[in-house]
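Have a look at these structures, which come just after this line.
Both of the next two complexes hold chain A, though its partner changes from chain B to chain C.
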Partner chain A sequence: MLYFSDLLQYSDVFFSGLKTTVELTVLTTILGVALGTVCATVRQYGNRAGQSVVSVYVELIRNTPFIVQLFFIFFGLPALGMMLSPWQASMIALTINLGAYSTEIIRAGLASISKGQVEAAKVLGLNFRQTLTRVIFIPAFEKIYPALTSQCIIVMLGSAVISQISVQDLTYAANLVQSRNFRAFESYLVTALLYLGLSILLRFAFNALGKRLFAYRTSN
Partner chain B sequence: MIEFSNYDILRNLLFATQWTILLSLAAFIGGTTVALTLTAMRLTRNPVMQRIVKIYVELFQGTPLLMQMFLCFFGLSMLGYEISAWGAAILSLTFFTSAFLVEIWRGCIDTLPKGQWEASRCLGLSFLQTLRFIILPQAIRVATAPTVGFSVQVIKGTALASVIGFVELTKVGTMLNNATFEPFKIFTLVALIYFMLCYPLSLYSKHLEKKFNVSR
Partner chain C sequence: MSLVNLHQVHKYYGDHHVLKGIDLDIKAGEVVSIIGKSGSGKSTLLRCINGLEQYQEGGITVDGKEVTTEDIQVRRLALSVGMIFQNFNLFPHMTVGENVMLAPTIVLKKSKAEAEATARAMLEKVGLAEKFDSFPEKLSGGQQQRVAIARALAMSPKVLLCDEITSALDPELVGEVLKVLEQLAKEGITLVLVTHEMNFARDVGSRVVFMHQGKVWEQGDPKTILSNPQTDELKQFMGAVL
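Moving on to the complex of A and B:
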């Protein structure tokens, strides 16, 4: 038998966990995409040394599990004298993780911009920075927007792992509740549904944001 | 107290790697089997079947793999079904893998022009014949590279089985860390082993992608 009513008294635990997960997601999405943008630009237009540094970073992160990256940052770095709180460690790990994936995605967007557009911008007297921000970035981001946003949602779901270093996120809340009332199935099911709701909500939010960001297409 | 030399650490980690590989293989085989079934269900063009597949994908792509593992491991035992960590890990990784593979393969089949289905019907081929002789040979060629690429995600996903107590590479890493207090060394080694498992697959996937693009 399932007893979902036993969870009701813990609704504030779930709520505060949800809040932590949302906060971390918003923060790391912004920081991770920013990091990815910088790295992708270096990878596409930088000098050779910069390109290889970015490649090594991207390949290292993309080919190791997030939980190992998290443990490395949380347990490994303090051994070198860098003390980090669980919250800081998770934020850094999530940002680095999303940064690597978004580098690959954004780079594909940059590569898809035809050379003629860049040359035209040069001919019109735009310098490199202006070319990047006014000619390259907007159409590049528009092209990869769906891939980038679904990666952000994947990272949000992956953030469930940070409960393992005792960040009090939604998964931590689920563990706490089931350790109190032994309703493991109910607790995890409700949490899974909350994550599902969160990912659907995020997708809607990203779609709405995308319509606003790339509104220039329809307005002229 | 037991002392762990570098050799002991490496030996234990490499031994645990076998379990990571085994779990990855089991999950990949399970995932492919379920994904094939789901793809077949989707191709029948029966709206109910398509709906089921859609909900399945939404459910397992929209929830964290860790939560699926918890549900399979703690949740099912609370409901009275005894399940080992090994069983729960395979079960949840199968759900996870199949949900993503169905979507990947859907993209591959959808890239084939619709005219091929119509032409096959005009030529009097049955649904299964069309699938067997026309669609699959082409779809498999397109699907190989992303499927190999996704196997990297499966290997990385197995690391989460450590959380429910299945002793594989990550779990042995944390256990060794608790015994030696050398987290930097141990997690570097763990990460390197994962990298050596995943990177060749990533490279192979990229290679296949290039090959396919050239032949087109």
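Moving on to the complex of A and C:
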């Protein structure tokens, strides 16, 4: 028999876990994409030194497990005198992780913009910053928007790992509840459904934003 | 007084010697057609005039100011040199109006109202006033190219460079673009065109420059030079295009 009603008394635990996961997701999505945008721009248009720095960063993050990155930041950095709270360490680890993956995605978008667009901007007298923000970014993001959306959702789901350093996120709540009432099946099923709901919501939010940003595709 | 002056301009792509000492002097109000086979250096020449390509020797001045590819120079140059491309290069995420208003607002720092008035006037000039709020992808190639002309004109350039601007168009759309150019020529704007439209070069142009192997091979009054070419190369070229 299944006893979902046994979870009811822990609804505030689930709710506060959900809140933490949502907060971290919103924050790291914004910061991670911003970091990725800067790094992609450097990698695509920057000087050789800048490109190398970005390459090292991207390869380092993309070729190591997220949980190791998280543990390194939380347990390792104190050795250098950097004491971070679990929440801070998670925020940094998630941002750095999303930053690296989104760098590669966004760079593909930048690379897809034809040289002619840049030249047209140049002969009209736009400087490089104006060319980036007015001419390049929107069409570039449009091309890679689905991939970027997926990556943000992957990072949100991957954030379940931060319960390992005792951040009280949604997965932490599930662990806590099932250790109290031994309703593992119910606990993890509800948690899985909550993550599913979050994914759908995040995708929905991205689509809505995309409709605004790329309005020119659907208009007359 | 000369508006565009090229003096012994040499340009290399690595070992490839593309421009071999170009001397050219263009006066305000002239309509100069540059013709020649592909690979003769026509487009490169045009791109050197507005600083998109670097040249290695010689000198180019526009309106008395030297042309280099230094970023700031290119931008200052943009104020006096307009350019239109073969592939239009309109910004796809902006309406026609926004395309035309962009540079006047953020480069010339005009107010939005002022930029909009200019944009509407320029679109009127190219016969596309009613397309102000359309997006480029909804327009035909000929219309897109006319928007590109309006966009360049909105910066009130002293000279307009046209790089094979009808080559990507369907034949029936070429006329509408050439008509706009003809009207501009009548208004006295200085035009330098790389073109294959011999009729346009003859009827509207004030000079034809024939380029061959990176040099100005022959130049002169369109009617004279096109009906009575002096060099074998131009004779051969005329035979090929007619």
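Going forward, the second predicted complex is superposed on the first by the 215 of 220 C-alpha atoms of A that agree within 3 Å, B and C clash if a C-alpha of one lies under 4 Å from a C-alpha of the other, contacts with A are read in each partner's own complex, and residues count from 1 in each chain.
To be clear about the criterion, contacts are C-beta pairs under 8 Å (C-beta built on N, C-alpha and C of every residue); 3 or more make two chains touch, one makes a residue touch a chain.
Source: prediction; values computed, not measured.
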Request  = Determine, for the superposed arrangement built on chain A, whether chain B and chain C clash or fit.
outcome  = fit
Query = By residue count, is chain A touched more by chain B or by chain C?
reply = B
Task = For A:Asn127, select first, second, both or neither according to whether it touches chain B, chain C, the two together, or no partner.
result = second
Inquiry  = Looking at A:Gln178 after the superposition, I want to know if it touches chain B, chain C, both of them or none. Which is it: first, second, both, neither?
reply    = first
Inquiry  = A:Leu60 in the overlay: touching chain B, chain C, both, or neither? Say first, second, both or neither.
reply    = first
Inquiry  = Tell me the contact category for A:Phe72 with respect to chain B and chain C: first, second, both or neither.
reply    = first
Query = Of the partners chain B and chain C, which touch A:Glu119 in the superposed model: first, second, both, neither?
reply = second
Ask   = Just how close are chain B and chain C at their nearest CA atoms in the overlay, in Å?
value = 25
Key: Contacting residues of chain A [partner chain C, same complex]   = 114, 116-117, 119-128, 130, 134-135, 138-139, 142, 214, 216, 219-220
Request  = Quick one: which bits of chain A touch chain B in the complex? Just the residue numbers, please.
outcome  = 59-60, 62-69, 71-72, 75-80, 157-161, 163-164, 171, 174-175, 178, 182-185, 188-189, 191-193, 195-196, 199-200
Inquiry  = Give the list of chain B residues in touch with chain A in this complex.
reply    = 58-59, 62-68, 70-71, 74-79, 152, 155-160, 162-163, 170, 173-174, 177, 182-184, 187-188, 190-191, 194-195, 198-199, 202
Ask   = Which positions of chain C touch chain A when the two form their complex?
value = 50, 52, 71, 74-76, 78-79, 81-83, 85, 87, 89-95, 102-103, 106-108, 134-135, 138, 151-152, 155
